[in-house]
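Both complexes below contain subunit A, partnered by subunit B and then by subunit C.
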Partner chain A sequence: MDSSSRAATHRGRGGITRSRAARLEELQKYLFILPALALFATFVLLPLGSALYFSFTTWDGLRTPEWVGTRNYARAFADTIHVRSYVNVGVYILGTLVVEVAFGLLMAVLLASDRLGFAFMRGLFFSPMVLSMVAAGILWKYVYDYRTGLLNEALRAGGLGDFAHPWLSDPGTAMAGVIVVSGWKYAGFFMIIFLAALRRIPTSLYEAAMLDGATALQRLWHVTLPLLRETTIIAVLLCVTGGFAAFDLFFTMTNGGPFNATEIPTTWIVKQAFDRHNMGYGAALTVIMTVVVGVVSLAYLLATRRRHAVEY
Partner chain B sequence: MSTSASATRARRATPATILHYWVAITVVAGMAFPLVWMLYSSLKTNQEIALTPLALPAAFRWQHYVEAWQLGNLGRLYLNSLLVTGVSVTALVMIASLAAYAFARLRFRGRDALFYLLLIGLLLPAQVVIIPLFFLLRDMGLLNTYWALILPYTSWPLALTIYLLRSYYLTLERELEDAARIDGAGLFQTYVFVMFPLVRPALATVVILNLVNLWNELLFALLFIQDEQLRTLPAGLLAFSGYYIVDYRLVFAALSITTVPILVVYFLFQRQVIAGLTTGALD
Partner chain C sequence: MRVNRSLHPRRLVTVLSAVLLAIGAAVAQEPVEITITHTMTGGTHRVAFDEIIDAFHEEYPNIRVRQMPQDMEIYQDVGLISMLQSPNPPDIFFQWGGDLVRRDAELGFAADLSDALDEDGWGDTFLDAAWSESSGTMYDGRVYMIPYAFDVTTVLWYNVDMFEEHGLEEPETWGEFLDIVRTLREAGETPIILGNQQFWPLGNWAGHITARVVGMDLFDRALRLEEPFSQPAFEDAFERFAELAEANAFNRDLAGLGASESMTAFFQGAGAMHPIGSWLIPNALDTAPDDFRYGAFNTPEIPGGAGDPHSIIGLATGFQVSAETPHFDEAITFLRFFTNMENQVAWAESGRFSPVRGAMAAADIDEHNQQLAELFLDAEEMVPPPDTGYPVEVADIFYQGAALVAGGLASPTQGLAWIDEQLSLLQ
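This part shows the complex of A and B:
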C-alpha cells in the first residue's frame, strides 16, 4: 500500500504520531476526488455499462430484459433506415465542414482587422453561439417557410421568385436547410479559433514574404494556411465529433423527415427507444454509435499525425 | 493577411478598404438579419406577417409579449432554467475544482489511472447513455423532478471541466502552497484559502462554458421531465412553438423573450463569453 509505505518514511523521520497524521492525510487526498468520481461512476460509467448489457437484450422498459445475444446488432445492420442515418450524418458532417470550418476560416481572415467596427462585427458574427439550438431551429423553420418565410420572400423581392421553395418539406433540400442553420450557429465559433491562431503568426513572416514580392493571395496560401494546420486539425475533429452528436437542430426542425431524408443516428435512436419502446435495440444503436465515433476520431488523429511525420 | 501591414494606411479609404468593409458588412448583416426579422415580426399581426413577411410593423404591438409570456408560462420556464443551471453549474464547478486540484498537485495511489478513466467522458456524446440513464433515474424515483436534470448536468461535464481546471492548476507556482504547508495548514485549508482563490480566472471560464451549454441543453430536458411545470426553457419553448405553430406573432414574441436577454448578457460580457465558449479548443 502506498499510504503505509509513505507513512513508514514519515515514521523514520518523525515517529509514531507523525505517521498517523500522515496516514490520515493520505486518506484525505481521496476525499478531494470522491464527489467527482461518485457522480461520474453513477451517471456516466454505470449507464454506459448498462447500455452495453441492454444491447444484448430485448426490452420494452417494463418487463425484465430478455437476453437475445447479438440479434439487435444483426437487426441494426439490416435496418435500412439505420444504415441510411449514417449516410445522412456523413453528408451533414461534410456540409458542416464547409459552412462551419471553411466558412469560419474565411470569416476569420475577413474580419481579422483592427479597423473601426470590425470588433463589433466579430461579436455579432459569434452571437448565434450563445443561443439554444431550439431557438435557432424554430427561428429558421420560419425563415424557410414556403409562404411567409424570410428566404422565399427575399428571393421574390429580388426577382428570383422561381427559386422559392418549400425547403424543409422537400427531401431533396431538407438536409441542406439544416446544414445552413448549423453553419449560422457555429461558424462564429470556428472563426474565433482561427482568429486566435492567426494572431499567433509573427508579422515578420508576412514582411519577409512581401519583400519577396508575394501578393496578398500568395501570402494567404503560402504563409497563413500552412501555419494554421494544427488548428485546422483540431477544428475538423471538433466538427466531426460534434456532427455525430447532433440532435437538437434535427429534432427541432425536421425530426428526421421528410421520408427519413434527415434521419441521423441520434434521432433514430430516440425514436426506437422512446416512441417504439425498443430499449434493447436502441441501446445496441447507441453502442454502435459510440464505436463509430471512437474509431473515426482515432483514425483521423492517426492519419493526420502520420502525414505530419512525413512532412517534416 | 494584409491587416497589420495596412494598419498604418487605415486612415485613407483606398478602394481595397472600401471593398473589405463592403464584403464584411454584407456577410455579417446577412447573418444577423434573421434575428432582426424575428424581433420586428413579433410586433406585427399574423395577417401582416402572412401578407408582407418582410415589411416593418404598422404598429408596435407589445401586447404580444404579454400574451406569449402568459400562454407559454415563460416566467416559470425561466425560473426552472435558472434553478437547474444555477445549482448544476455551482455544484459542478466546486466538485470539479476539488478533483482537478488533487489530480494536478496531490500524489496518491491510482491517481493517473483514475484521471484517464475520467477522460473517457471527454470522448462520449451524452446521447449514448440516454436509455439506461432514463431507467436509472426512474428507479431512483427522480424522473420529473429537478434532480433528474441536476444530477446528469453535474456529472456529464465533469470530465471536460476537471481537465480544463487541472491544466490551470498545473500552471500555478508551488511556492504559496508550500509556504502554507510549512506553516502547518492541512490539505483542505491549503486548498480553500490558498489554491482555490488563485484559480478564479479559470473558474470564470469554465462557469461560462457550462452555463451556456446547460442553459441550452435539450435532450435530457426533453426525456427526463414531462411535467410542464418543471420544464426548462429549450424544452418548453419547443412545446410552445409546436402548439402555436401558426400563431406566428406569439412564436416570434416567445423567441424574442427567450433570446434577447441572453444576447444582451452576451454583448455585455462579450470577451469573457467568447473566451469561455472557445476554451479547450484553443489550448
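This part shows the complex of A and C:
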C-alpha cells in the first residue's frame, strides 16, 4: 500500500479516528505532567494537607493526635506573643526595605560605573552574600558582644565607653541589631539585581535628558527610577516574603529574645512545635502564617499589576 | 574423573556441613551490639564514661557498646523523640528524671526496670534518695530509670578571690546575700553573672526561691495548674527577684547571654557569683584558668518562707532502657557494670555526684563535689526543677515571668499576672 492509499484509508475512518487521536493527545498531556504532579503532591500538597490536619489537633509528637477543632486558632489570636511576632516581623521588613532594597539601589546607582576599582567595590559589597546566614549570625553575635565585642571595644578604645551597650540583650536595640546584619548580608544581593536592570536602560534616554538640560538628580528621578519600577516591585516582593521566612539569623543571634523583642512568627512556631512539643499549635501557627504571606503577596501584586508596565 | 569424585553427594554434604558450622560458629562469636544515646559530648565525665566502656568491652567481649552522643539541646528538642519513634530505637537512652521519665513510661518507650533491680539486691546498692518520688526515677510505683548522677541545678558559685578582695563571706540569710550584692555593686563589680537567653538558668533558681517561700505543696499545685500564681505567697516570692533587680544584681547582658558563655565569663572573673548547677565542676576542670578559685553556697535562708530553708533544687539523671530492645539482658549487664562500685568511684572522681551508696565517700573527689554532697545531706527537701518536674511549656512561662521581674521590666504583680495570662491559653 502506497502512502496515498494509506492516507485515504485514514481519512476513510472519519471523525471517530480523529476524536480518539484527540483523546490520546489529551491523555498524553496528563501523562507528561504526571511525574511533576506526583512530586508536587508528595512534597508540597501532602505536607500542606497534613499541616492543616494537625492544626486542628493537639499533638506532642509522641501521643496520638487528638482532634480539638478550632481551639488552636482561637489560642493563636489570643496569644499576645504570637500577635506581637507579626508586629515585630513588620518592623523587621520595614527595616530591611531600607537597609537592603533602598541601600542596595543606592549602591547600584553609585557603583554602576566601569571606572577602575568600581568592580572591586561591587565585589566587596556583594561578598557577605557568600556567607551562610548562620555563620553571619554567629559572627555578628561576637561583634555585638557586650564585654569583648568589636563594636563595644571600638567604642571603649575611642573614649566612648559610656556608649558601650548590651546591644542584643536590650529589648530596645536587639531588633535594630538584627536588621543591620540583614542589611549587611543582603544589600549586595539587591545591588546586583538593580545593577542588571540599570544596564538595560538605553543610554540614549540619558543623552536625551542631558540635551534637555536635566541635572544628575533629575535624570535619576525622571529616567532611572521610573525604569527600575518593575525591578523594584520584584525586589520589594522578595524582601517582604523573605522577611516573613526569616529564621536562621534570629535563631542564631537572639532566638526571639530578649523578652520576645525579636520574636517573629517563625521563631515562635519553632519554639511551640519543638521546644514545647506543641506540634498541633505549631501547625496552626504555620497555617496562619501561610495565609498571611499569601494574602500580603497577592495584595501587593494586585496593587502593582496595572502600574508596572513601562514601555521604552 | 577427579571432577566426578569431588562432586560425590556424600563429600558435598560434608563440605556444606563444615561451611555451615563455620558460619554458625562465626555468628555465635559475633558480639551483640547495644546502642546508647546521651548528651555527653565532652568534658571529664565523657572521658570517664569512655574508659568505663573500654573496661566493659574487656570484661564482656561478646557485647559491644556503641555510643550515639548528641548536643544537649538537639537531644532535648527533637533528637530523642525522633529516635524513640524510629523502627530501631536506641537500647539505652539518657533522660532527666521527673516528667520525662513519667512520659516515657506512660507511652511505653521505656522498660520497667523494677524486677532487674530486685535481682541480687542491685537496687539496694543505690542511695535511698534514688528511689524517692522527688528523684523522678519512678512511675506508678515502678522504676523506669537507673540514675547515674544527682545534679544540683542551682547553687551560688562564687569567685573566692573577689570575695576575699571585698572582705565578703558566704551568706546565711537572704538579707546578708543582698548586702553582698550591694557591696559588690558599689565596688564596681558585677555581683551576679548569668546568661538567661533561654530562661532556664535564672528560671531554675527562681523555682528554688519560689518553692522556699511558698512551700513545696503550693509550688507543686501551681505548676500543675491547680492554683493561680497571682496570690500573696507568690508575690512574696517574686518580691525577692524585684529586690535583685533593684540592687542591680545582674550583668547588663543577662537577657541575651547564653548559659555556657556566662559560665566562661564567670571563670574569667567577669562577675562575682554565678547561680548554676553542679555541672560547673567538670567544666571548671576543663576550661577555667588554673589559678581560678571558687566556692559554692546554697540559696540562703529566706525568713518567713513556708518551704524547707535548706532545700536544694535538683534532680536525678540517668539511663532508661528501651521497651522494644531485643537486647534487654545485655543492656542490664552494661548498666550493672556501669553502676558497680569501682566504676562509680571513677565516675564520681570525674565530677559527677554518684547515686551509688558509698561511691562519693570512697572517691577522691575535690572540695567542690564534697561541698555539694554536704548540701544534699543537709537538705530535707529536693525541689524538682520546673522544666523537668513539670510540663515544659508551663515551666517556660514561669521562667519568663520570673525573668521579667528580675530584669526590672515588670513588678511582681505584673509578672505573676503575665504568667497566669499565658497559662490560661494552655487550658
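By our rule, the second predicted complex is superposed on the first by the 257 of 312 C-alpha atoms of A that agree within 3 Å, B and C clash if a C-alpha of one lies under 4 Å from a C-alpha of the other, contacts with A are read in each partner's own complex, and residues count from 1 in each chain.
One rule holds in what follows: contacts are C-beta pairs under 8 Å (C-beta built on N, C-alpha and C of every residue); 3 or more make two chains touch, one makes a residue touch a chain.
As the structure is a prediction and not an experimental result, all values here were calculated from the model.
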Would subunit B and subunit C fit next to each other on subunit A once aligned, or clash? fit
Is A:113 in contact with subunit B, with subunit C, with both, or with neither (first, second, both, neither)? first
Taking the superposition as given, does A:294 touch the first partner, subunit B, the second, subunit C, both, or neither? first
Applying the document's definition of touch, where does A:147 land relative to subunit B and subunit C: first, second, both, or neither? both
So, A:166: does it touch subunit B (first), subunit C (second), both, or neither? second
So, does A:135 touch the first partner subunit B, the second partner subunit C, both, or neither? first
Please indicate which partner A:155 is in contact with in the superposed arrangement: first for subunit B, second for subunit C, both, or neither. neither
Thinking of the overlay built on chain A, is A:274 touched by subunit B (first), by subunit C (second), by both, or by neither? both
Subunit A residues touched by each partner, larger count belonging to subunit B or subunit C: B
One more residue to check, A:63. First (subunit B), second (subunit C), both or neither? second
Just to confirm the geometry: in the superposition, how small does the C-alpha gap between subunit B and subunit C get, in angstrom? 5
Pick out the shared contact residues on subunit A: the ones touching subunit B in one complex and subunit C in the other. 61, 147, 274
Report the residues of subunit A in contact with subunit B in the complex, numbered from low to high. 1-3, 25-26, 28-30, 32-33, 35-37, 39-40, 42-48, 50-51, 54, 61, 107, 109-115, 117-118, 121, 123-135, 138-143, 147-150, 153-154, 157, 184, 187, 189, 192-193, 196, 198, 201, 203, 206-207, 210, 216, 219-220, 224, 234-235, 238, 241, 244-245, 247-248, 251-252, 266, 269-270, 273-274, 279, 282-283, 286-287, 289-290, 293-294, 297
Quick one: in the complex, what on subunit B touches subunit A? 1-5, 7, 10, 17, 20-21, 23-25, 27-28, 31-35, 37-38, 41, 49-50, 53-54, 95-96, 98-99, 101-103, 106-109, 114, 117-118, 120-121, 123-136, 151-152, 154-156, 158-159, 162, 186-188, 191, 212, 215-216, 218-219, 222-223, 233-235, 237-238, 241, 248, 251-252, 255, 258-259, 262-263, 266-267, 270, 273-274, 277-278, 281-282
Of subunit C, residues touching subunit A in the complex: 77-78, 81, 84-85, 103, 107, 109, 197-198, 251-257, 265, 270, 392-393, 396, 400, 403-404, 407, 409, 421-422, 425
List the residues on subunit A that touch subunit C in their complex, please. 61-63, 75, 78-81, 145-147, 166, 168-171, 174, 254-255, 257-259, 274-278
